[in-house]
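One chain, chain A, appears in both complexes that follow, with chain B as partner in the first and chain C in the second.
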Partner chain A sequence: MALFWKHRDFVIFAILLGVALAFPFMGIPRFILAAVLIMYCYATVVSQWNLVFGLAGIFSLAQVAIFAFGAYSTALLGRYLEMNLWYSFPIAGLGGILFSFLIGLACLRLRGIYVALLTLAVSQMMFVLIQTDAACSALNKAINPMSCVSFTGGSQGLGDFGSFGWRAVLGGRNWMTGDYYTMLGLLVIGLIVTYLITQSRMGLAFRALRDNEELARSRGISQYKYQLLVFGASAFLTAAAGGFYAAHFGAVGINLFGFPLLLFLISMLVVGGIGRLWGPLLGAALLMSADEVFKEFSDWRNVGLGIVVLLFMIFLPDGLAGGIDKLHKLAVRVFTRARTA
Partner chain B sequence: MSNEETQPLLACRNVFKYFGGLAAVNDFDLDVFPGDVIGIGGPNGAGKTTFLDVISGISPATSGDIALNGTPIATKKPDAICHLGISRTFQLNAGFESMSIEENTLVGAAFGLGDKGWFPRMTYNREMRERVERALVLCNLQDKADMVVRDLPVLDRKLLMLAGALATEPKLLLIDEPVGGLNPHEVDDVMEIVQGLIKEGVTIILIEHVMRFLLQLSKRVVILHHGEKIYEGDSEGLLNDRKVVEVYLGEGTADRLQHMMKNRAQNG
Partner chain C sequence: MDFFVQIIVSGLTFSAMYALAAVGLVLVWGAFNMLNMAHGIIMTLGAYFVLMWAELAGLPLILAAPVAMICGGLMGAFVYFASAHWMIKQRDFETTIIIATFGLGMAMEAGLLKLLAELFHSSPYAQPLSMGADSFLVAGVPVSYQRIIIWGAALILILILAAFLKRTSFGRAIRAVAQNSDAARLMGVRVRNVYIAVLALASALAGVSGIMLSSFKEVHPLMGGALMLKAFIVIVLAGLGNLTGALYAALLIGMVEATVKVLIADQYGFTAILILVILALIWKPAGIFGRSTVARQ
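For the complex of A and B:
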């Protein structure tokens, strides 16, 4: 048992990966497969957010804006340059790194809640910029002379930019399986990257700056360098997940920059456990399930989510992952006491 | 010590630090030579910690020159100053709370000697592990390496700060109140460890209110008052200096310390 606990991350990883790989062949209804792959997408974003928020302790809310940036980049590249989405979504990832660097630079001298305010302002600003973009774009006239669509699609959103092309390979019934494995690949890379960074020298610097910035700097860690590194490192997969999201749905809209999605994703982080390896996955799984339940009560959906988050903050501030750790410690104590008695 | 031939390790000239209109450090000069142990004393608010903040770059000097081995460092950032060879401890029990003693020390060992380039390095090399090992042994923490900082008693936290600083292999070690808040027995423990460092040849500037600690360890004592140096010299002279007795020690303490020094001279 103790041996299992020591290597639990690898064991859990292997089991989950096996289940996830077999999942599409278990006769699961399509709508569940669709929900699960979106869950993977959110879990990927949240796992990268966890690097900034949990590991480096920077209260950035920019992750959702980076996600939306990736989605829009993929959509724009596909629509206007007719780029194959398999190329445009890694390019969106690289663009996301640059975008995130800029936000990281802007936040360098800010601390705590002020970082949250600035990064929230960035995503709200992008929301408004796209929403108010209403002028008919000449580029779209070229695509369809009868239509009036603005460059970013404005409040209507943007479509017609292609897909991963699984439909041609796997047929109309099974194309979603292709999307499923694509997203699973991103999530697996995301989890491995977070694990490696957490264990690495870079991760030590992030944690040192989080725990005590003044001491960390006096021990030779450049706050400037590592803040930019964490913003850059966490952006690629976030923006790539955004690109995937666009490709999967075949459309993007300004709701990607909106407050509800931000709230939904940060709830996953809180519920799963901030700074924990498995937190994002646990949080995404739990909240996606809860969301399916609350969907029935339409107007009460956000209230329901709010109550779930509230309960976690009061009773399990370290999230599900923290709760499991606590249970394990308790079990060990009870077990050793029983043995010595 | 002040041999004309040797270049000072640390040279401070006309250093000022203003907070608004208040000169916390006022026209301060100091030369520190390799192997020196300089004790800084003075009443609360005299500018002792501010002076360490200025040297270590935490709170840069308003004006004046500071050079380490001839390299100007007055406007450099704390991490760059650490890379050049100055490491410090803090008055409050600073530590990386969520990490173990070993990880805390590893931070100094991994980043303290330089961290060039933008490509993030993932692993630690053997020299880093050895630096951690050495620092922990010097500070008598080797048996507690896996303990997490937030669970540590005060003495261990003070020692851990020393270990973290030593892991950067500093040319100059700045120690801010290493025994504040400790009981007399613990003070002796820390004194023994610092004596060990002095024997190793570490150059030290140390701040302390516990005068028996300061006088017994320092080769040279500096007393600050309102940001100005009012005394620099050996401990004997300090206890006979009228101004120091007036503004800082008081007659009673000066007498007691004189007895202590005399006993120590006879015994040792």
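For the complex of A and C:
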């Protein structure tokens, strides 16, 4: 048991990966496969957010904006430059890094609370700018002379920019499987990156800053530098996940910048456990399942999510992963006491 | 010249709403480092309370506004007992309370949307307190009586608030808690009552701000969100916890927004003030009036 606990991260990872790889061949209905692959996408975003918030301690609410930025960049590149989406994902990712560096340069020297408010304002600004973008764009006239679509699609959203292309390779029945493995690949990369960053010098620096800030600073660890690095690094996969999201649905919309998506993702982070390795995956899996189970009550979705977030922050601010850790510590203590007695 | 008058007229209206919304946020932050993300939905609720009391309960309009204000205050107390009361001892209270009240606010907003579908048939509603477009001309620019009332109400409420904070013993208790809550507790101030009162006060003012916004637009379930973000921008620009600074910042931001809206285009107002604030914060990270703070450090 103790041996398992020591290597639990690798064991859990191997088991989950095996199940996930075999999943499409278990005769699962397609709508569940579709929900699971969206769950992978959200889990990637939340795991990167977890790096920013949980590890680096940056209270950024711009993660959803970076995700939407990636989705929109992919859509715009595919629509106007007719770029193959597989090329536009890395470009969207690099764009995401640039975008987040700009936000980071402006915000990260400020106190934590200011960061939260300003990043929220930035995403609201993008929402307003796209929503009010109504002028017919000459680029769209070239695509379809009869229609009036603005450059970003405005409040109607944007479509017709291509997809992963699995339909051509795997045929009309199995393209979803292609999308599934693509998203799974993204999530695996996301989890590995998260793990490597927490084990790297950067992770060490943040642990040092958290444990004793004065000492860490006096040894020459610059919080600002490392925070900016994590902020940029996590933006790459976040924006790429946005691109994958756009490619899977074949459309992007203004709701990507909205508060309901922010609430959904923040509830995954909170339920799973902020700053825990498995928190984002756990939270994403639980909330996506809840979303499917309670589909008929979808009118009350945001009421439920809001209350869940509130209750977790009051009673279990470390999330379920934190709760499990606490239980394990308690069990170990009880067990050792029983043995010595 | 008429551009100039137009900017002043709409700028002062924005400023009045931002000031009322921001003053409450500053008071709450000053008292116990809480940023209330449910502030926006309380603004919306303020506008709806007028609608409910006037249209459903048939209260005369002159009574509906103060009653709606009191209801807004009660919502503030509700927010305290639903979130902050249980969390105030948490390690990262500043952060966790933002997430918790964000959840609470979203739940209230979604619940309101659901409830409204039952109570009123169509969502955007005309504010009964609105006086419509009746106006007089100043240098060729129409100035509606509605705006005069908004400016007057904002000025009177802020003066009453200032007198309350300076002259009454409860106001002194609020300032004492903002300066040092432990010392205030030792001097016999019931700190918890101050927390509740401050949140109620802030929410009552937020409700009035929401009524003002709805009086020249319309009552809409999602109207509070953008107003709340602008109030946040105001207090960030002023430096958190700075009361007079927030009033100046509200004036500045209202004027800048009006200038951009009149001279360039409506949709760039928010972008302009956000860029202004970010530049100001790069120049002075603690806010432009950040020196004389009343917040606990």
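Please note the rule applied: the second predicted complex is superposed on the first by the 327 of 341 C-alpha atoms of A that agree within 3 Å, B and C clash if a C-alpha of one lies under 4 Å from a C-alpha of the other, contacts with A are read in each partner's own complex, and residues count from 1 in each chain.
The rule is simple: a residue touches a chain if its C-beta (ideal position, glycine included) is under 8 Å from a C-beta of that chain, and two chains touch if they have at least 3 such contacts.
Note that the structure is a prediction, hence the values are computed from the model and not measured.
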Taking the superposition as given, does A:V308 touch the first partner, chain B, the second, chain C, both, or neither?
-> second
Chain touching more of chain A, residue-wise (chain B, chain C) = C
With the two complexes superposed on chain A, say which partner A:A233 touches: chain B (first), chain C (second), both, or neither.
-> first
Chain B versus chain C as contact partner of A:V122, first or second or both or neither = second
Look at A:S200 in the shared chain and tell me whether it touches chain B only, chain C only, both, or neither; answer first, second, both or neither.
-> first
Counting only touches as set out at the top, which of chain B and chain C does A:R109 meet: first, second, both, neither?
-> second
First, second, both or neither for A:S218, with chain B first and chain C second = first
Chain A residues contacting chain B in one complex and chain C in the other none
What part of chain B is in contact with chain A in the complex they form?
-> 56, 58, 77-79, 82-83, 87-88, 90, 94-99, 103, 106-108, 110-115, 118, 120-124, 164-165, 168
The residues of chain A that touch chain B in their complex are 196, 200-202, 204-205, 207-208, 211-212, 214-223, 225, 229, 233
Residue ranges of chain A touching chain C (in the complex, touch as defined) | 59, 106-107, 109-114, 116-118, 120-122, 124-125, 128-129, 132-133, 259-260, 263, 266-267, 270, 299-310, 313-315, 317
Chain A-touching residues of chain C, taken from the complex the two chains share | 35, 82-83, 86-87, 90, 92, 94-111, 114, 225-226, 229, 232-233, 236, 240, 266-267, 270-271, 274, 277-278, 281-282, 285
